Every structure is written in C-alpha cells, then in structure tokens.
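The chains carry the letters A, B, C and D, assigned in the order they are written, with residues numbered from 1 in each.
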Amino acid sequence: MSILIDENTKLIIQGITGREGTFHGERMIAYGTKVVGGVTPGKGGQNVFGVPVFDTVKQAYEETGANTSVLFVPAKFTAEGAYEAIDAKIPLVITIAEHVPVHDMMNVYNLARKSDSIVVGPNSFGIISPGKSKAGFMHDKIFSQGNVGIMSRSATNCYETVFLLTNEGIGQSTVIGIGGDMIPGSSFIDFLPMFEKDEQTGIIVLIGEIGGSDEEIAAEYIKKYVKKPVVALIAGKNAPKGTSMGHAGAIVSADGTGSADNKEQKLSEAGVIIAESTEHIVKIIKEMQ
Amino acid sequence: MSILIDENTKLIIQGITGREGTFHGERMIAYGTKVVGGVTPGKGGQNVFGVPVFDTVKQAYEETGANTSVLFVPAKFTAEGAYEAIDAKIPLVITIAEHVPVHDMMNVYNLARKSDSIVVGPNSFGIISPGKSKAGFMHDKIFSQGNVGIMSRSATNCYETVFLLTNEGIGQSTVIGIGGDMIPGSSFIDFLPMFEKDEQTGIIVLIGEIGGSDEEIAAEYIKKYVKKPVVALIAGKNAPKGTSMGHAGAIVSADGTGSADNKEQKLSEAGVIIAESTEHIVKIIKEMQ
Amino acid sequence: MKLLEYKGKELLRDYGIPIQNGVVIEENQDIKESVKNLKSPYVLKVQIMTGGRGKAGGIKFADSALEADKLAKEMLKMEIKKLKVKKVLVAEKVDLIDEWYLSIVLDRFNKAPMLIFSPLGGVDIEDTAKNNPEKIVKIPINFFMGIKEYTIRYIFKKYCLDMSFFEAFTSIVKNLYRLFIEYDCTLAEINPLAIVGDGKLLAVDCKADIDDSSLYRHSDIVEFRNSIEENVLVKEARAFNFLYIPVTDEGNIAVVSNGSGMIMSCIDLITKNGQKVGAALDLGGGATSDRIAEAVKIIFKNKNTICLFISIFGGITRCDEVALGVKGALESGEIEKDRVVVIRLEGTNKPEALKILSEIGDNVVIADSISDGVNKISSRRF
Amino acid sequence: MKLLEYKGKELLRDYGIPIQNGVVIEENQDIKESVKNLKSPYVLKVQIMTGGRGKAGGIKFADSALEADKLAKEMLKMEIKKLKVKKVLVAEKVDLIDEWYLSIVLDRFNKAPMLIFSPLGGVDIEDTAKNNPEKIVKIPINFFMGIKEYTIRYIFKKYCLDMSFFEAFTSIVKNLYRLFIEYDCTLAEINPLAIVGDGKLLAVDCKADIDDSSLYRHSDIVEFRNSIEENVLVKEARAFNFLYIPVTDEGNIAVVSNGSGMIMSCIDLITKNGQKVGAALDLGGGATSDRIAEAVKIIFKNKNTICLFISIFGGITRCDEVALGVKGALESGEIEKDRVVVIRLEGTNKPEALKILSEIGDNVVIADSISDGVNKISSRRF
C-alpha cells in the first residue's frame, strides 16, 4: 500500500524547466516515478527529457490527469504556484522551496483547508514511497521498502534515521518531509490517520522538534486513535531560546509551550516511545522487528 | 427527536432590543423557546422581558452557553452579525432580514463553510420544531407536532402547506425556512441528511422554486442516500423569464438551468413525488399516512 | 437593477477599462454640438431595457454630424417592443479586427463569482453555448483568492490567443472583477470585447446587473434608476414598497399576495387552468387596510386587468384589515364597476373579514382556498 | 528579524498609530541640537537587542536638553549584557494615567493571527500570564475576516474599559493589524499602550519581529538590519549564506552541519554528554570545498571554540569536497594549531574523503557516526 504516493502517482513538476526542476525531474523518472508533465509559464509546448511542458497547471491537469504536483519554484513564487495547483484541484501539492514567507504560507494553509487538496511543505524534501515513487529531491539510494512510516520536520534527522534503518535491513513504507517552517501545509495530525490505516505500515516514526504545537496535537490524536507503535524524536532540547535555528519552526515560544520537554511528555503520555537520537530510534525499531 | 432545534435549544437574539427582536422574542418565549439572552451593542447589562442583554455575541455565548442565535437585525447589518455569531462559535445562526445584499451573503456563506456553524437564511421565517421550540417569526398557531419534515424557500407556500397539514391532523417534526435569496446560508442538501437520520421524521417535504440549482443538487443526494419518501413542489413555472419575483432566488437563468421543468425532472428521476400545489402536497401526504 | 449600456460603460471607464468616446443624446438636445468632440464616423445605439435592438433598427451608423443628427432624431421617436426610446448613445465607430466575450457572473452553484470567456464575441453567449460549447470556458473563482494571472494564462493558451493582448486583457479582467465586487454585481459582461489594434482591446458593449438589495450603498445607481423610463406601475408600487411584476402583456388576471412564493404558486395554478396572468403585486409584510387599498388601485390602473385574485395567508396580518382595504379601493370610485376581485383569506379575524367582504357587492367573490379561488376565476371565464 | 524600539515605532507612526515625539541619538551627534524640537522633560532609552534594559540603567529621565546631553553621552558608552550601546532614543516624557498591553502574534496553533490584550500593561506579558491569567485575553483572528469591531467591543466589555477610548483603540488595533499583515510580522506588540488623556492613547514601547524570509519585500527592514550592531560572525556567515547561531557564551564546542535538524540533534547529544556548545553553523544545501573552508574559518574566529564537530550527511554533497574544504581551512594558517576538528561524513566519495582527512594530521579526528563523534569529543575533555 504505502500512503500519499505510489506506483499510480501521476506527477507534474511546477518549474520543470528550471535548473532544480530539470535536475530532480530526471532523477525522479530514473527512480520510477511517473512524471507525466511539467509547468513553466511561457514554455508550454516544449519537451524536457521526454516530458511535455504546459503553461498552466490546469492545462497540465486536463491533458495528463496528474494527481500530484511538486513545486521546484523559488520561495517568492511558491504561494502563487500552490494556489494554482489547489485551484486546478490537484489532490496532493508538495512545495520544496526554503524561506517561503510565513504569511504566504498562512494564506496557502487557510485556502488549502477549504479545498480538497493536501499541501505538503514548504521546506520539504518531498515524499517517497520506496520502490514505488518519489516526489521530491531526497537522495533516494538510502531508502528501502518496508514497514516503517516516517514523517519528519527535519530533513537531516530523517535522512540519518532512514540511512541507519536501511543499513539494518529495515525498510520504509512512506517517508514524508513535513518541512521545518512555522506554518507547514500539513503536519503529523494529517498523516497519522493514513499511516494507521495503511496495511504496509507497521511502525510509525515521528521526528519533531521544538516550537509550535504540532507534536502535542499529534499526541492527543495518537492517544485516542492510533494502535500501531509510534517512536518519536524531538530535536532542539538545548537550542538557544528565542533564536532562529534555520528552521523558522525551531523557535521556542517564550511561554514554554512548544518546548522539547512538553512535547516529549505529551507524546509519552500518549504511549509514544521517546528516542534520544536518530541512532536510538533505529535501536528501538530493531528490537520491535 | 426533530432536527436543528428542540427543547434543549438555548437561544440568543441578536438585535433583542429592537422592535422586531422584542416583539418576536416575547412570542418565542411564550411558545416555550428557551431564550437565554440577547445582544445589542451598547445595551449590555440591561434586561428585556426578563432576558439579559449583552454587548457582544461572544459574551452572551460565554455567559449563557447559547447554542443558537437568531438575528433580528436590519439587512445592512446582517452580514456583520452573522460573522460575529460564527466567530463566537455559535453552532446554528438564523438570519431573518429580507434584502440582504447577495455579495454580503456570498461572503458569509464562504466563511461559514470554513467554520463549524450552520447559517440559515437570510430572508427566512426561521426554524420551528412544533411543540418544542421556535426560532423565528412564524405564526406558530398553525404548526403541530408530527412526522413531516419541511424545508421551504418560500414562507407563504410553506405556511399554506403547514396550515393544510395541521387541518388534516398531520403534524410536523421540524419546519425550516431556507429563504428565497440567491445565496442562502444553507439549502436542502444540508438538511436532507438530518431529516433522513431523524427518527421523528417520516416524510420529507421540499418546497422549492425556479432559479439556482439547489433542487437539482438535492435530487442527486436523494437518489443516492434518502430512503424516506420525499414530496416536492416547485413554484414559478409561469413566472416571467429573467425578472425578479421578489425572491432574488426566483430568476430563471438565461440558459435554461434552474427552470421548473428541469428541477421537477431531476427530482422525479430521484424518486421524489412532484406536487402541483400546496393542496396537492397535503393530499399526497394524507394518502401516505 | 439592470443597467443600460451607457451607464455600464460609465462604470467600465471609472474602473479603467477602455471604451469608445461617446455621448448620450436625449430629446431636444443639440446633437451636432454634442458630437463635435467625437471623431466621425459614428455609431448610434438606442438605450432601452431589451435585447435585439439591432434587428429592430436600434443601431445605425453615420458618417457626419449632420447625418448623426438626423438619425438620432428619428431614433428618439422610435418605440421598440413597446418601450419608448428616450436616450441614444452616439459613439466613435470602431474598426475591430476580432471580437471576444468576457463576463463575470455570480455563480449560484459555487456561491462565488465565475469568469466566462469566449473567443467568439459579438454574438449572444447563449447561442455560442448551444452551437459551439467548446468555445466557452467557465472558470469558478475562489472567493478568497480572486482572479489570478494563471487563470488568464490558461484562457490564452486554451484558445491560442495572441499573447500581445495578454497585458491589456489581464488589466481588463482584474478591473472588471473589482467592479463586480465593489458594485455588488450579479453580472458584469463585456460583449463584444473588441480587438482594435496592437495589443489594444476595447469594450464595445456592456451589460451589468446590480443586486437591488445593495442599492443603499450605490447612490449613483439609484439616481440612474430614477432617471430612466420605467413601467409606471412598477414605479408607483415601489413608492409603497410593493413589488409590481408585469407577467404577460396578454394577461387579464392579476395576483396580489404577501410573498413571492404564494404569488408564483397562484400564477402557476391560474396558468394551468388555461388563463393568463398579466401582472402580480407582492405586498411584502405588514399589510394595513390603507396599503391594501393602494395595492388594489395600482393593479386596476392596468386597464387590461379584469379580475384580481387576492390570496393572503394572514399569520400576523389581520384579515379584517385586508377586507377593509379591498372595500375602500372598490368604493373609491377609481376602479371600474365591471372589475372583479376573487379573494381568499386565512388568519386572525377571518369571520369579521368575511362579513365586510360579503357586504361590498357582486364583484367580490370569496374563496375558501387557493384552488377554490382559481376555479372561481376560471368559471367566470375572463 | 527583531526590530529595535525606535524602528518599530517608526512603523507604528507610518501606520497612523500615535507615538511620542522623539529622536534617535548616535555617537558624535549634537544632542542639544537634536532635541531642540522636543518638549522637556525627556526620557532616554538605550536601543539594544535585549530585554531588561531598565534594570541595567538603560532608561533615564532628563529635565533639560543639557541634562539629556550629559545622560545620552554616558549611555552611548554603556555596554549591557555584552552589547555595546550605539543608539539612544530621546523622547518627550509622557504623563500616563494607565497602561494597557496590546499585541498581534502569529498563532501557530490556529495558523492565523491572534490578538492579545491585557489591561495590565507596562509589565512583561509572561508575568501577567503567570500571575493574573484572567487579565489576559487571547482572540484568534479569522484570517479571511480580519479584526471586526465586535471583537474590540468584547474586550472593552470584558474588562469594563472606559468607552471613551473605544474609537482610538479600534483605530490602533486595525492599524496594527494592517502593519502585521503588510510587514510580514510574526509579532507586533505595543507595551505599554498608555492612556494619556481624554480618549487619547499612545504607544510608548514597541516590539516587532519580522519574518526573515519576507525581507526581500521590505527593503527598509534590510537597511535597518544592516545599520545595527550585530554579532560579527553572524554577519560574516550571512555573506556566504550560512546561518551562524551563537548557543551559549561558555561553550567551547562548535557544530557545523547541513541542516538545522542535524545541528539540533548534535547539540542535544553533546550537551547530554556534559559538554557545552558555543556556536553552530548551518551550511544550507550544496557545500563546495571553498564554502566548507570559509565555514571552518568563521567558526574558529570565535576564540572560545576549541573543538569543531562537523557532521555531514552527503546525499548530493560530495564527501571529498567537504574533506578538501577542511584541509584547506586548517592549512590556511588562519586557525590556531591546537584547534581540533571531529568529522563524520556519509555519502558519495566517502573513501576518497577519509584518505584526504587522514593525511591532515592529529587535529582531525574521524568518526563513524554521530554518537561516535560525540564520544570522541567527550573523551578529549575540552
């Protein structure tokens, strides 16, 4: 099974003729992803690496029946690109760019929640269902197919975890880069029900960090609805207070909510196993297998 | 059972100190409705007919735990009043005023759909669950408790139907004035699932009219999900084309959709019994009993 | 409130949408003086509230001010579909290369604005919908997002339009949307939107419909409404806050009630019985005897109307008030003696009402129900 | 980007929110001349990026220009929490009757703005939250609706505020909201919002935080950032598009990695092992040998830093590039010989990288994993 993307994913790339779009477009195809088209305004009618380019997402959608779009467009055009994909009724929209203004994302988030589209990112490495499809720029060699479903606010901690898992012979069902920004299009709470339902997924890994309340919200849901084992890592216990850590998300609220302690406590109360490090995550999972 | 309102309804009246608000407020209390408060900016702290007045809906909500609000405020303040009720998280908001600008309602509609509030109206006589509660200005004497659930875009056709039903000894579960405006806060589609589920309701009556596509949308839903018998009347077969009939809703689209014929055909295909007149509705129901 | 072309174009101009230079001519106006700042040749168009004016001779061309003067004077004497021509728009004739259709409408299905475009402009959009449906694109607009550039790009690519018009078209669409929102439009239509040269577009005709309920915030539109030729009875009724609705010219039955739903039901039943309704009047709420009397008088000012069907479902309205109103009107001497009122009442003080009505005379017929009333009308064979 | 008081107040003024008259004084400025248009007495406030300036002697009052001159000069020589005072705001002293708290923050829970108000202004809102939670109201704002009057009415009624301030307060809230939206704020705070007379309110202090990612559309804020005293290494790192993060002053370990998640994890593990991280540097994506060398040099410019832990999970980054960068930096002569680099690499060309690293010398320690690296750091006991 896996969630969100699989062998039936028909992907379009917004910004396909850009440097990043082309580079990762070819890699996604090489991985086996069905890239059915791309969008670059003004370049409709062209072809890049055998894939047709359209001027608008709506056209691309109508011509290809795409069900997922990944945006390799600069930060300042990400909101407009996401609107366009939502407006064209693309069910899954993945935004990659770093440094998207948080007010832009506040706008996209609030619009998306009124729509039927799921927005993932920004500042996400994308989504991969190993062996089936990848939509993003992650280094796919380290992934392998298996029963661990992973969602992570941090790319580096996620790669590290996946690398160690794969080295231990433990594969993944779907790995989602939630992105570390203050307002992600989707968060743990949106994917937990999917992982819980997914037959391939046996263990869920949640890699969070300080700031925001998405881990606390997830904890509440897990307590009520999730039967599968969940392992969580919260990074940033010793991050300096009130300073940006690169991820806009990693700011501890002045009033103490959003702290690593609070998150770990809430998750722990929900029956989640708390890991101390990426290596510890892998150790815990290894013992479960 | 009944739907939307019943003996547990705790009602506030926005505009309670106005002429209409006071007049109908007393009548609602006389009918047995639990009117727990009212709102008039600047008159907070007063009392009218034994009911406390607040300055804002949020305050009224916090102090009384109201779960329904009815707006007896002029058309030009209806949108703002509805926002306020939605923002205060009142689950059911009933707007009475005629001649609310349609763009105001477009705004309210789109906001309400993002919220947990149900907005009914504008240009509605309100909602009544006979014998339990009324929220609106309908002449309650003609209603009686029973198993017919009614929703109507027209007040007069609805009164007529109810009057004849009650005369025949046939009561009603809940009667809803949808209002005849171009963009009603809620329509048939929103109440059909409730009536279908409601144990008290045995027969559903839908009183529609030309214009818009709410009857066609209802037909689609009925076809798929409604097992209870539905009787429908569509008024306006011979209304002049393209002219306003008082109800902003009663404008036949130039391209033929929204016509009485189209609506009757779609409803008929969905298994709905089409009545020729209000008297005919009652005749049909009488035969069913 | 439907606007006449010239008023719609005034709004377009105010919103930065290019239109032809032109002037509105009325009777007794010095036409040659009025057009002197316009470049010839001219196009003259009658300003009336009906379609098909072209076929009816309501659009003419003139090469000189002299010719324009002559044609305009003729036009101001015309009557089209029973509407007297009171205004003529004289504008600079445009050499157009192609014509598009553009409108924004209130989409009742999505409860949001909808953008409609066709590369086949200048013809009725309903004909295009029927004959060339692939030449129309309807795009629902997200109410919170408005119209974005990618939507316009989509239209251009779909119909392979010349990108040199992209900028001008984008500006027109965005301005038309602003107008639609700010002026509470249910329709804002430019047809044709003419291509007149290098990257240049021009709105040659305009239809706009503004929500009546919003007029309190658009004083200029109220002024416009007051300035134009209108059905006298509609105007008179409005003074009493009634809604007078002409139904069919041949009808000789009228309907008065206190709600549009009931009115529509009555018209439907009377029509089904083989008779024709000429007009209807909606009293709205709270009918006192004075107001009822005025309503009855207004109805019978239409000399075609022989029979009036009044159906009032009282509720709060008192039936005796209604009866007294009918009595007052019929005894005022302003209504011809052969006119008949069929009346059906239900509500408070019904017995008193029936007593009053029964004493007026033969021309008042009491009905027990709507269907009884309709039958009594048809048995009289008006 | 956190703004200093004077810059935040400039924005308030631009958005029509009343502030005191005042001037910003820098070194070598003619203070008496600068304050001559201000009415005495004055309040002088140092402009530094830290809280608690009052307790540290950073707020003073002066009765005359002469006194202001003397005090300002003293203040411009101060250092508070290791920050040198470079700017002093001199403003007209306000006689205030009462103080409120008002802010708009980005609410990450609701993903929308939130309005926060307290009738207890002038104190830290966190203290109020702890000691008088009933004196704070937090109202989530519907993103599509904005702040409506009824919300402000609610606040007034909840705290029984004098309605004569309603109009002034409403105007301030709406303008602050506009500022919040248009300037991409994550925080826009007025504390205290002072009551200074009949219906009159005044913003006496202001904190604003502007989303760094939005700065490309706020050139005035970029200018402000460039104009203020800042950590030299942060500035230097920014020139290379690195993010330099001071962690704790006492720390002597530094962390370099290509992602903030990894950096946080490394800091957590090192801290857990009983050692202190002084700074971290985020390389971002695409690290070439040149950039790596620069990063290593910047890190060791902080003389407290004895040991650097580099953890790179390659992916697309080539490990040999990283190794060459480290080698280049350590052999540049710019780094003291006793400094140590513990390095853990994973990815393309790892063997080549290990070869390069092993040839540099004793001050380069290779680790197999993050935990191995952390252990190797602690075994060296810096």
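Annotations for the structure displayed:
Operating definition for what follows: a contact is a pair of C-beta atoms (placed from the backbone, for glycine too) under 8 Å apart; a residue touches a chain by one contact, two chains touch by 3 or more.
A quick note: this is a predicted structure, and the numbers were derived from the prediction, not measured.
Greatest Cα centroid separation from chain C: this falls to D.
Separating the centre of chain B from that of chain D, both taken as means of CA atoms, is a distance of 54 Å.
Per-chain Cα centroids separate chain A from chain D by 28 Å. For the pair chain A and chain B, the distance between mean C-alpha positions equals 44 Å.
Contact of a single residue of chain A with at least two other chains is seen at positions 110, 114. Chain C has residues 144 in contact with two or more other chains.
If you sketch which chains touch which, the pattern fits none of the simple shapes: not an open path, not a single ring, not a star, and not all-to-all. Applying the touch definition to all chain combinations yields A-B, A-C, A-D, B-C, B-D. Across the complex, chain A meets chain D through its residues 75-76, 98-104, 106-107, 109-110, 137-139, 142, 152-160, 163, 180, 182-183, 207, 209-213, 217, 233, 235-240, 243-248, 250, 254-255, 258, 276-279. Considering their complex, residues 106, 108-109, 111-113, 126, 129, 143-144, 181, 184, 186, 211-214, 216-217, 243, 245-248, 257-265, 267-269, 271-272, 277, 280, 282, 284, 313-316, 346-347, 369-371 of chain C touch chain B.
Those residues of chain A that touch chain C in the complex are listed here as 41, 44, 54-59, 80, 83-84, 87, 110-111, 114. Put simply, chain C touches chain A in their complex at residues 142, 144-145, 148-151, 153-154, 156-158. Chain contact summary for the complex, chain A toward chain B: residues 110, 113-114.
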